[in-house]
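Same chain, two partners: subunit A is paired with subunit B first, then with subunit C.
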Partner chain A sequence: MWEFIARSLEASTIFTVAALGELIDQRSGILNVGIEGVMLFGATFGFIAAQSTDSYLLGFLVGIAIGSLLGLLHGFFSVTLGADQVVVGMGIWIFGFGLTTYIGNPYTGPLGMERVPPIFGLSPFFYLGIVLAAVSWFTLSKTNLGLRIRSVGENPSVAEVSGINVTRTRYLCVTIGGMLGGLAGAIYSLFYNPVWNYNFLMGWGFIALALVFFSMWNPWVLLGGSLLFGTLWQLSLNPQLVLPGLLSRYIWRTIPFAVTIGVLLIISTAWFRRRWGAAKPEALGEPYVKE
Partner chain B sequence: MQAGLLDGVQYGDTVLEARGITKRFPGVVANDHIDFEIRAGEIHAILGENGAGKTTLMNILFGLLQPDEGELYIGGKRVEFRSPLDAIDLGIGMVHQNRKLVSAHTVIENIILGRPRAGTVLNLKRAEEEVNELCERYGFKIDLRAKVWQLSEGEKQIAEILKALYRGAKVLILDEPTSALAPPQTKNLLASIQAMASDELAIVPFITHKLPIVLEISDRVTVLRRGKVTARLETQDATEESLARQMVGREVIFRVESTKVETGKRILQVENLSTRSDKGFLALKGVSFSIREGEIFGIAGISGNGQHELAEVLAGLRKAEEGQVILEGQDITHSSSLERWRMGVGYIPSERVDVGSIGDFSLVENVAMNFYFDDDFSGPGIVNYGDIRQLTEELISEYDVAAPSPDTKAKNLSGGNLQKIILARVLARKPRLVIANLPTQGLDVGATEFVRNKLVEAKEAKAGVLLISEDLDEVLSLSDRVAPIYEGKFMGIIPGDVAKLEQVGAMMAGLRLEGNIIEETGDT
Partner chain C sequence: MRIGGCQLKLEQRVTLAGWEAALMSILAIVFALFLFGFVFILDDVDPLSAYQEIFSFAFANPYGLPLTINRFIFLLLCTFAFIIPFKAGLWNIGMAGQLYAGALAAFGALFAFGGKELPSPDLSPGIVIPLMLMAAALGGAGVGAIAGFLKGKYNINEIVVTMMLNFIAFWLVAYMIKEGGPFMNPGGRGESFELPSSVYAPLVMDVPFTIFLVLGIAVLLYFLFAKSKIGYQIKAHGHNPAAARYAGISTFKIPLWVFVVGGGLAGLAGYHYFAAVPGVYKIARNYGFFGDLAFYGIICGLISLGNPLAAIPVTLLFGGLSIGGRFVQGKLNMGFGLDYALLGVLMITLVAFQFFYRYKLVLSPSKGSYW
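== the complex of A and B ==
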């Protein structure tokens, strides 16, 4: 049982970190649907760097760095060039999927390093996830910078006449979002499942993206959502750890998806949609053109 | 840019001066050598019709546009604004008509936005104290913790003024300050403006209509027409008529006198009508009234009190929740919009651009939208564009629409001309019932006069007219009966000739008519 909980928290952490990056992105009005691609990049390059230098630190740093570069790339297209953010995001995903498959292929196989030691029996990244959620929440709701980010996401032209540099603020956010996406990918490939193979991420980035919408852009709700999905995911993989012998594993495998349908039902109620509409950054996905 | 040029100014010092400001756009000189100066402690109104160059001038003063020629001086020093930020730093505050506020944020968050003074970690308490002090000093009432989307237009304006003051504005530019306010709010705002002026602030309201307000509070007036300054006056030397003459360039008859017409049989009867708004709450709560031939029935109210929903229900664009609508004896409560047009309802929507016209269509096509279903203008399944073109040409000349040809796209027309063509095509159907929703909103003095005259003509032609307006002068001068509306209910129905401005103004703000209530049921 303990093993199951620890494993679930490890999975949740990856959702938390990636989704927090996306949340910061979106709070500034930038939608990055290609977060899966950013994670693939971070995971693959982090994996290669760690394996070839035998240093976890370097692995994670490379993951973060490559993520920030992809964030900047997304920023260049969607902020500077004012392109359609969904199209750019899809481009980044396909680009990440293709290139990392090509580059990572020779490294197929286990990482072959000793595991990162747990702290109090839990993944050290789990603590990191909670700290990141707390910092994001505090920054967004209590600081001057957070007010600026939220204003840019709600109404960039108002922010501009109030003396805020919309372009700079959005670049800051896409960079941070990219860094966290890359980090989340590296946590996956260096810690959660330290084996490189074809399409190892299997849509985790898209789940993280959905979690951001579900959280109504609140880091604490997002943390809760990540825990729920991390646990469900783990349950579907190893049901025998919790309830041995009950139901076939094929049924367990469907559970995360069945729950997703349930969540969608809740989301589609009028009550939720009204609140969701109020919480959504108003300028989300819209390029800002100066008057 | 050096901030602080306006520190320590005293009453009567020149704070802002414009010399020879010129701005050209392709095909038009929007500002043609404009000079004026503004002193600390004065209220200096800038007056002009739409298209007179007010907006351009305002944008230049706030750094959103750079002039092609001419100089700006602040506190005697020459300045150049590269962006609004420069203007703000030098003490210029702007209260935009299309409010520049983040609607999902609270009032206080909006006020401190972009100000490092509030601290890296926001010290909302201190900011609130500072802003409350400003509120007390100038008599503003506002809940600083409320979200902006919950506020009324008047409160949003207060939030914008506070934001400018919090940033240390010494010159406050107000764009159409009273256009969205009910009379009691207007009175409060004017008092606050005077209090600010007595603190050595220079107040510069830009005004299109509402001349009485100019006369009431301003010290001096600069009038613009076609990009040029046509008059600079001390307000005490000006009259409403002289200002209008300077603005328009000719005499303007102010009060379109509504002639008394013998009213005939009842055209429209509305019984206990209710409907919901787009957001799902009950916006219109059981109103009853009737309109007779040759009568203008005016509904006076601030936007958002259900009058818009009423117009849409009557036009067949919104479902009635309850109640009945009877047009000349026939129940049309559930009739479609097209059936209503055929039965003689003419609808002039308030949204000229979004509902009243299709921007990419030519004027002929726009006129066709009200005629394509008529046997006179269409055969079986085929629209007779030849006839409609001829009609459009007639309407263009009869209504004096400034359009190069009937093939001009509607989006290329100015607001006044667009409204004229919409009005023309509706009235050309000789409707029995005209629903005019904010027919003169945003129009300049000349076009307003024209539209009002046409509504009176429709009434003289024995139509019933439902006039919905925020402009009290308009409702009172045109209507035979007036119903002030507040939160979806009529506050009473008063004959136009006995209705007093103050009384109707108070009723618009929610005061029910006491004593001799002239309630009306369908049988009067």
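== the complex of A and C ==
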């Protein structure tokens, strides 16, 4: 049972880190639906780097770096060129899905390195996730920078008039978002499940995207949501630990996805929207053209 | 920017003529193929001869051409499944889940007629095949309807929902065909029971009859968007849902309609690949690969700018490229996933080219030259 809880926390860390990146993106008004592609890239290149240099540090750094590059790419298309952000996000996802399948294929198989040692019996990345959530919450709601980010996400033209550089703020956010996405992918492939196989994520990035929607754009709620989904995911992989013999294991695999749809349904009801709906960044997904 | 005595600058497009759009799409494809050439160079393969191999296998080889045509039918149905919601401003990335559901429903209809029993029963194709087709369309439409209903009624992000449905359907297929599932092959090879030979889809010159179905649908969709009331309403919803609502167009009915019809067509794609392509005739163990292929539908839909007739040559080309890509990968000893890499490169090039749909480069003689 303890092992199950520890594994669940490891899984939830990946959701936390990836979704925090997406949350920072969205707070500045940029929607990145291609987070799964960023994670695939970070995971694959991190895996290759770690395996060929035998260094975890290098693996994670490469994962973060490739994530930031993809964030910049997303920023270039959606901030500078003002393209439709959904098109760009889908592009980055399919780009990641297609290219990592080809690039990573020669590396198919286990990583073959000693596991990152746990701290107090838990994954070191779990603590990192909590720290990142705290830092994002503090930065977004208590600092000047956070105010600027939020105002750019709410109403970019008003922000521009009051002296905030919208382009620079958004670039900053997409780069950080990309770095966190790449890091989340690297945590998956270097720690959570250190075996490379094509398209191994199977929906982690999309669940992270959904997590942001129902976190009400609040890092603490997001942390709670990712704990829930990490546990659910782990349960769907090992149902015999909790409820042996009930339902086929394939049916269990559908449950995290079905629950995601259910939660999205709850937060979209009229009651919920009246109560909490104002949290959504007003300018989310809309390109800003300076007049 | 100045070049000699001329000035080069960017201008926003007001309108985009049909020929300009077509030219842009062709340029995007050519540019993507050029970029993709570097993948061959990195693998020490001459890109020109690789492309020659790809095209000659896909379009001029007696083994390759039928494969290309079968994949073309499949991709065209997936493209339509993407295009119809896309016209309404909605993203259907759930073709994979819809086609799995279509395949399951078609095999479910067959199962109901005792298709699993051995020795394989002699079923009447005149009854069973239309029923399988209908079941496939209904299965896909049912999965699509979930996304359409949630979008129309509660305005839930359809990208997330369709993606979640993809994974749900993926595992449901696994449940049905593996480890003692109801549709498991008696041989237990992790695939579904085989189609009795009496209900193999009729072939016309070695091509399944589905080709006529899909080409008919293309023409029908063209007229739907060009002439019909619902087509107009879909386009109005795509341009501006709020304005469409004020004009009396239901923002519940349109998302539901486009996802039901789109999902139904994706369901037919599931029927086509698992019950009509010669040599398959079962839900194969690698069914996930066909779900991945369905994402070509997004690219084909974007390149053809939502035009159902323009989608025909585009999907034929990409069907051939993906078949030929697999072929040269084996022939030239390249790594697995060449067709996936092509998918990625095409997609990102296309995103970059979106810019030119909205802006154009204008070269004009500059006034008051500084030179």
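Here is the rule we go by: the second predicted complex is superposed on the first by the 275 of 291 C-alpha atoms of A that agree within 3 Å, B and C clash if a C-alpha of one lies under 4 Å from a C-alpha of the other, contacts with A are read in each partner's own complex, and residues count from 1 in each chain.
Note that in this section a residue touches a chain if its C-beta (ideal position, glycine included) is under 8 Å from a C-beta of that chain, and two chains touch if they have at least 3 such contacts.
Predicted, not measured: the structure shown is a model, and the values here were computed from it.
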item	value
Joint occupancy of subunit A by subunit B and subunit C, clash or fit	fit
Partner chain in contact with A:Arg253 - subunit B first, subunit C second, else both or neither	second
First (subunit B), second (subunit C), both or neither touched by A:Ile5	neither
Which of subunit B and subunit C A:Val263 touches, first, second, both or neither	neither
Touched subunit A residues, subunit B compared with subunit C	C
Touched partner set for A:Asn105, first subunit B, second subunit C, both or neither	second
Contacts of A:Ser151 with subunit B and subunit C, given as first, second, both or neither	first
Touching partner for A:Gly163 - first (subunit B), second (subunit C), both, neither	first
CA minimum distance (subunit B, subunit C), superposed complexes, angstrom	9
Subunit C-facing residues of subunit A, complex	33, 77, 81-84, 86-88, 90-92, 94-99, 101-103, 105-106, 198-199, 202-203, 206-207, 209-210, 213, 248, 250-251, 253-254, 257-258, 260-261, 264-265, 268-269
Residue numbers on subunit B that touch subunit A, as the complex places them	64, 84-85, 88, 94, 100-105, 109, 112-116, 118-122, 163
Residues of subunit C touching subunit A in the complex	39, 91, 93, 146, 150, 154-157, 159-161, 163-168, 171-172, 174-175, 178-179, 181, 292, 295, 298-299, 302, 335-338, 340-345, 347-348, 350-352, 354-355, 358
Touch list for subunit A against partner subunit B, complex	142-145, 147-148, 150-151, 154-155, 157-164, 278, 281-282, 291
